[in-house]
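Several structures are given next for inspection.
Two complexes, one shared chain (subunit A), two partners (subunit B, subunit C).
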Partner chain A sequence: MDYLGQLLANGLVLGAIYALAAVAFTLVYGVVRLVNFAFGELFMLGAFLTASLMLPEVRLLGMIVPMPGFSLPVAALGAIVLTGALGVLVDRIAYRPLRNAPRLAPLITSIAVSVVLQSLAQTIWGAEELRFPEFHLATLPPVVLFDSIYLSVMDLVVMATALAAMLGLSAFIARSSLGRAMRASAEDQMAATLVGIPVNRVVAAAFAIGSGFAALAGLLYAQTYGFAHSNMGFLPGLKALTAAVLGGIGSIPGAALGGLILGLVEALGAGYLPNGTAWKDAISFVLLVGLLYLRPQGLLGKPELNSAGRGSLLGGASEFGAAWLRAGFAKVDGLLAKSAAAGPRAALVLLALAVLVGLLVPSDYWLRILTMVVIYGMLASGLNVIVGFAGLLDLGFVAFWAVGSYLTSILFVLVLKDQFGVAPADIWWLLYLNLPLAGLLAAGFAVILGTPTLRLRGDYLAIMTLGFGEIVRVVAINWMDLTNGPMGIRGIPAPNLFGIALGSPRAQFFFALALAVLVVFAIARLVRSYVGRAWVAIREDEEAAEAMGVPTARYKLYAYAASGFVGGFVGVFYAHSQQYISPLNFSLFENILLLMLVVLGGLGTFVGPFVGALIWIVFLQLALDLPFVQAYPETRFALLGVVLIVLMVFRPQGLAASARVALTMPGARPGALPGARAGRAKEAA
Partner chain B sequence: MSAPSHADHALPVEPLLKVAGLAVSYGRIRAVDGVDLAVEPGRIVSLVGSNGAGKTTTLMALSGLLPLSAGHITFAGEDITTLAPDLRVARGIAHVPERRRVFAGMSVRENLMLGAYSRDDAVDIASDLERMVALFPRLGERMAQLAGTLSGGEQQMLAIARGLMSRPSLLIMDEPTMGLAPQMIDLILDTVLEIRKQGMTVLLVEQNAVEAMRLSDHVYIMRLGRIVHEDSGANIDPERVKSFYLGADA
Partner chain C sequence: MTMTRIAAAMVGIGLLASPTMVRAEEITIGFTAALSGDFAAFGLNMRKGLDLAVEALNKKGGNTYKIDAVDDRGEAREGVLIAQRFCSDKNVDVVMGYSFSSIALAAVPVFNECKLPVLASAVTSPALSNVSPYFRRNVLTDAVQGAMMGDYAAKTLGLKQIYVLNQQDDYGIGVAKAFSEAAEKDGAKIVGSESYLLGSKDFRTLLTKVRAAKPDAIFIGGFYTEAAKIAEQARALGIKAQFLSTDGALNVELMKLGRSAVEGMIVYGMFDPAVATPATESFLTTYKATFKEDPSAWAALGYDAGMALGAAVELAAKDGPVTRESLNTAFGKLKDVPGVTGPTTFDASGDRAGALYFLEVKDGKFGLAPKQP
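Let's turn to the complex of A and B:
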């Protein structure tokens, strides 16, 4: 009983913090229908800013900077105001130009903003933890309830602050003129404009308040756990989003309820489940997935919000941009359109180019980098099947990749080598068996994961798949017997063919290229078939597709299966090429990176994923030569984020979008399968 | 009747709203091209035409919801061509949109209060609320009810009242009778006359050309994004209107 009471008390503190951050998500989602992933980072900035303002001096960018040394309340107020202003700035720069863009664009932008803010924070405050200064209230002796439940004074302050902030916000939204304007803008932006509400300013106010709440949650979190760190916002951000969805996104009481439930469940789970602290992150996501399955609109949400994700995820051209920029894109488009018209010949030329590069590049270093380009291009192609062709935003794709990598690694290393003492070279053929096997296994996983998501749309779908991805990652970390846990699996053999080792960088590059030809060919065949047409119909308008008699549920599952197959298939090669895997390789960040690559290159195109991978990975390497980047390596990610934001604002459809597959009837352009000729070309080579 | 007659322009009054060469494009499609309008104070002017003629697009450009590709809008002597929508409301243009678009999840009172968002005179807002109740007693009975639960006609009353709450000098109404029962149509149109009697200037878009002509001091006929004919409401020849609707060029 005492133990339970203590757990409940801890859960309430954590729940209060989640609830505050959940309010940020819910408020902004309610007004502009945007899941602003960047709130996790504003949460982190709230903590850093408060801690910095409380200290006498802070090391910023490596220099000691004198700070005012305020007390906690003053510093907190300052941090909340600064973060709120930053939120408004982010909205102005990154989101407002996309107010009428397809729904994927602002979502990607918010992820990019998140990456930028996190890398900037790491650049400014460094990669180490910043100890959160002790406030004098925190030094008081704890309050003891029922003789056995200990609550520090600060815990009580956290709960009281959260309660007051949420009641205040509720009253503000319900009573004030601005609150009324927010609700009006949430309901009907055009009507709100017509009655004289400056909607942009109202949205900015929602961002300011939301960001302030995120900062408050962050500083309370840092206060409770005693530190601030540049990636401290990631998991609590996801949890807060989970809490918001749990309660029904868009509803403030819902966010409070969701936060409390999540905090309590996590505290109880950590306390009572065997090895509970390790699994507590999975608990929230299991809860999320289960709830979305049973009640897609959340506990207190209104069902119609869930259909808000109607319409194509992909967009057309943007109206923004200077003349020279648009002229530049027009030239690219012309070139792409010409090569798309050339179809198979263009694919052949690209392949020949890749082969030539593979033969001529002298350095092993660059061959390894190019192999990574091909691997990431293939993985992005797999993700592209589900996002670019079927239009379903999937943030759990890494799980399929992980399934493939782990299957082959466990078989080769943990089972055959460690338990039966079989030398990997004797069973080189197992790799070739594992490729399709892992594909099938991952496809099976994908169907299992896909089935409960069939009823969901848009952002909800993204959040549920994100939950799945995180569950798989937590399992990979904690199921020590199966996966070797966080230590990962070492000594995965390099690919081998009839006893000929293919471990050299050049051999690996050509191995990857051959697999890429297979992958692109298979995807091209699928997309050019009736399956692909059904996918595109679902992508463009799911309701219309259903009305036309497309069994959307079945085709969505096909898309999951195809995408999962590619993930598992490529995962096998990835493991053998890297020779070491750990759960860190399959984080949400990797998924986001893949998504960015696809968007960068162009959703729904065959070359787009490879273009995106090439640009990104080569950029990462080249950036290493810049002196600024050498001093602050994290800024590379910030640069990528900036590039993505600019791209989203000026060219939301992706760089190679004009190569987007036009789905004409198969008879209309005989032999126009770019992959088909490419496949034959590979045999010839 | 080749040239438009200007019999109703007996008094040279400075128009409250003047539109010159208005053009609006959706991407590459020009929906409205070279529209000239003049709305004199205290009058009811209507814009009629068949579906897709560009009437609603014109109104949306007037209230700032759509950017102009060409042309100028002058309101009360001020050029408002590039003014933000909320500032146009503050200057005195209220737009009652097509299909009413009341805030369904908010109460009738809240809807009316939102109509007065551009104002900050609490006392006058309270007295205007009473004025609206006097104009539409049905709304008075339902002040606390959610707007989405009102009937179509009641929602239209609410939309008009919401527009009036900003104390406009020009009331723009887009298809106020659409989808309403016949008695309700009469009631709404009577209200339009009543509001005008109180000194309001009205710019009305109506598909029901006969009603619009009966009601209006001046009528513009639009077709394919252009004004093809204009005349005083009394002078306009119904047969000619019919020919514009049916597309036969007279």
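Let's turn to the complex of A and C:
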């Protein structure tokens, strides 16, 4: 009993914090339909600001700065107001210009904002954790219930604060005029504008309140666990998002319920399962996936939020994009459109260019970078099949990649070498067998994962696939007999062909290039077939496609399978080119990264993923040499985030959007067929 | 960018080829570690230590040293790229740093290819022993350290019921396994073991489980960030067991984060900030004066790595120009280079022999534990 009681108490405290942060997601989502990933970072800033305001002095940017030394309530209020203001500022700069942009663009900027804020926090407060200052209530002896359940006084304060804040917000939404305006905007923005509601101001208010809640959650979290750190927001942010979706995104009681359930399930799961603590992140995602399968709209959510067709991911890019075009982009566009029209010729020119670059670049370092560009370009192409062509936002793609990499590594190293003592050089041909084999395995896996998601749309789908991706990663870490766990698998042989080692950077580049030709060619053929047309139909309007007799479920599964195949296929080569893999290679961030590459380059294009990969990877490597970055390493990602935001704000449809495969009107562009292959050449951008 | 590199490479090759000009003047250290992102603290500490060493070596005259720092952000994909970056840059004579064994493991095949010596300071995975003739480290493997701690806990401290917690990565698993085996051999009972993911903040549930097992000691195989939180949350749940931890917890930040909860925690490490030999004394004062904080074990190891490099360069310079190859040979020949973590000698497996100090937190400071083996 005391064990269960203590677990319940722990779960309640955690649940209260999740619930508060979930309110932030739910409120903003309700009004602008945006999953604002940056709330995790606002959560973190709330903690840092409170801690700083409470200290007599704090070290900022390496300098000691005097601080007011407020008590916790005053400091908390200050931090909440500051964070709320920052939230409004972020909305103004990064989201408002994108209100009418393709739906993925603000999602990407929210991730970019999150990267910028996290890097800045690390620059300002340093890489070490900041101890949360002592508050006199926290020094009181703990309350002991039934002789065995320990709760600190602050735990009670946390729960009471959460409850009060949530009740207050509900009353505010229900009674105040701003609250009414918010509800109206949530129902129908256009109608709200027509009846004279200043929607932009309402949205700003939602951001302010949401950010304030995130800050409150963050500072309570920091108080409870005793520290503030620049990465502290990521996982709680993800959990809060999960909680919001569990409860039904857009519903405030739902957020409270979702947070509570998540906190309790985590505590009980971790408490009763063997080695539960290591598995607990998977537990909450399993819960999420299960619930979304049974009840797609969440516990208290409105079914319309899931089923309402919200248009395609790419919706109206050209229509809205025109306003943001700058002369430079227009030139790029012209070039891209021309090359797309030129078809096979352009593709061959680009390929020839890539080969030439591969032959002429003297530096092994740059060859490795270009190999990485090709690998990430291929992976992003695989993701592009499902996101760009079928319009299903998939955040779990990285799992298929992991399946491929692990299959070949386990076979080569753990089974054949360690168990049977077969030298990798003797079985070089296995690599070529593994390529399609891993592809098929990952495709099968993708279909299994895809089946339960068929009923979900848009952001719900994204969250569910994110859950799958995380589950696979946690399994890869914890199932040590299969994957060797976090120690990873090393000694994976470099590619080899008839005894000729292909381990040199140049050989690997050409190997990757050859695979890329295959991948892009296969994707292009597929997209140009009736399957691709069905995908695009689903992407543009699922209801209409269904009504026209497209069996959407089947084609969605085809999309999963195709995308999974590419992931597994490329994963095999990735493992052999890295020669060492560990679960670290397959984090959620990698998936977000791939998504960014696709969006950056242009969804639904063949060349886009490679353009995105080229820009991203080359930028990161070039930035390494800036003296400023050498002195302040964490600014490299802040810089990257800023570049991303600027690109997205001015070019939400992606750099290569004009090369988008025109399938919406079949036959409109005859002869464009093999233009598909344009994707391979990286130097094109 | 590429052009400058090519040019630099040409000059480098030219210098190497010409017998009259000896290229021993400037030694470039390629330094890589997680310098940003979630786990930047270790890498930044190592770098601070190395910076001090480089400063000291440059002051001494003779060869000059410079650092080319590259951030791997703790991301595995960067491992190979960074390794190749150093390999292709002919100015780089030696590579130092590394926060994560997994990244070092990914990089080793590349260094093998270009025969660039590596001297790492914070990677403790046993998988890195004998991994390459070019790879060395000046930190003990977690297998050796964990076993020493297990002996110490069971024999010297006489603890009987121990609960083992470890962070779920190569470091935590390795050290916890070695600890458990050694402690059980010496008669202690491991009453339970659990792992947690690096970066976890909430340990209450885990500790509720621990509390039910009523151990008289808890071994935390992990870093100071988690050790401090575990200690604090354990005390808040009314757990009174003795805390034991590792060199990952040997960091002045432990006391800042854990405050009174970490009082009495016993950790081990190759560096004892309380022992004032003349070498540590000057390191401590310079470090404090430069960075306005106390050095951690990683800073000490980074410093010692720099000093070992200085000794190796001197040794290599005796027989002609300092090249990657001659430097690598010199590393193998080093014997008892004095340092703040004790003398450095590398054995054939690339590991370093060394002694461990057992330290106890007392009044917010690490001091030699009253009972030593």
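We take it that the second predicted complex is superposed on the first by the 651 of 685 C-alpha atoms of A that agree within 3 Å, B and C clash if a C-alpha of one lies under 4 Å from a C-alpha of the other, contacts with A are read in each partner's own complex, and residues count from 1 in each chain.
Keep in mind that, in the parts below, a contact is a pair of C-beta atoms (placed from the backbone, for glycine too) under 8 Å apart; a residue touches a chain by one contact, two chains touch by 3 or more.
Keep in mind the model is a prediction, meaning the values are calculated, not measured.
*Asks:* What does the overlay on subunit A give for subunit B and subunit C, a clash or a fit?
*Replies:* fit
*Asks:* Contacts for A:S170 in the overlay, against subunit B (first) and subunit C (second): which applies, first, second, both or neither?
*Replies:* Neither partner.
*Asks:* Report for A:P505: first if it touches subunit B alone, second if subunit C alone, otherwise both or neither.
*Replies:* second
*Asks:* Who contacts more of subunit A, subunit B or subunit C?
*Replies:* For subunit A, the partner with the higher number of touched residues is C.
*Asks:* With subunit A's C-alpha centre as vertex, what's the angle to subunit B and subunit C, nearest 10 degrees?
*Replies:* Taking subunit A as the apex, subunit B and subunit C sit 150 degrees apart.
*Asks:* For A:R180, select first, second, both or neither according to whether it touches subunit B, subunit C, the two together, or no partner.
*Replies:* It touches subunit B, and subunit C stays clear.
*Asks:* With the two complexes superposed on chain A, say which partner A:N10 touches: subunit B (first), subunit C (second), both, or neither.
*Replies:* second
*Asks:* Quick one: classify A:L194 as touching subunit B (first), subunit C (second), both or neither.
*Replies:* Only subunit B is touched by A:L194; subunit C is not.
*Asks:* If you take every C-alpha pair with one atom in subunit B and one in subunit C, what is the shortest distance in Å after superposing?
*Replies:* Least C-alpha distance after superposition: 40 Å.
*Asks:* Please identify the positions on subunit A that touch both subunit B and subunit C, taking each partner from its own complex.
*Replies:* none
*Asks:* Would you mind writing out the residues of subunit C in touch with subunit A in their complex?
*Replies:* Subunit C reaches subunit A through residues 1-2, 5-6, 9, 35-38, 40-41, 44, 69-71, 73-77, 79-81, 84-85, 87-89, 100, 102, 105-106, 109, 113, 125, 127, 168-170, 173, 194-197, 199-206, 208-209, 211-212, 225, 228-229, 232-233, 236-238, 253, 256-257, 259.
*Asks:* Give the list of subunit B residues in touch with subunit A in this complex.
*Replies:* Where subunit B meets subunit A, its residues are 63-65, 84-86, 89-90, 94-95, 97, 101-106, 110, 113-115, 117-118, 162-163, 166.
*Asks:* Give the list of subunit A residues in touch with subunit C in this complex.
*Replies:* Listed in rising order, the residues of subunit A that touch subunit C are 3, 6-7, 10-11, 13-14, 119, 122, 127-129, 131, 142, 144, 150, 152, 221, 225-227, 229, 231-232, 235, 266-267, 270-271, 275-278, 280-281, 361-366, 368-369, 372, 477-478, 485-488, 490, 494, 503, 505, 577-582, 584-585, 590, 621-622, 624-625, 630, 633-634, 636-637.
*Asks:* Which bits of subunit A are touching subunit B when the two form their complex?
*Replies:* So the residues of subunit A touching subunit B come out as 177, 180-181, 183-184, 187-188, 190-199.
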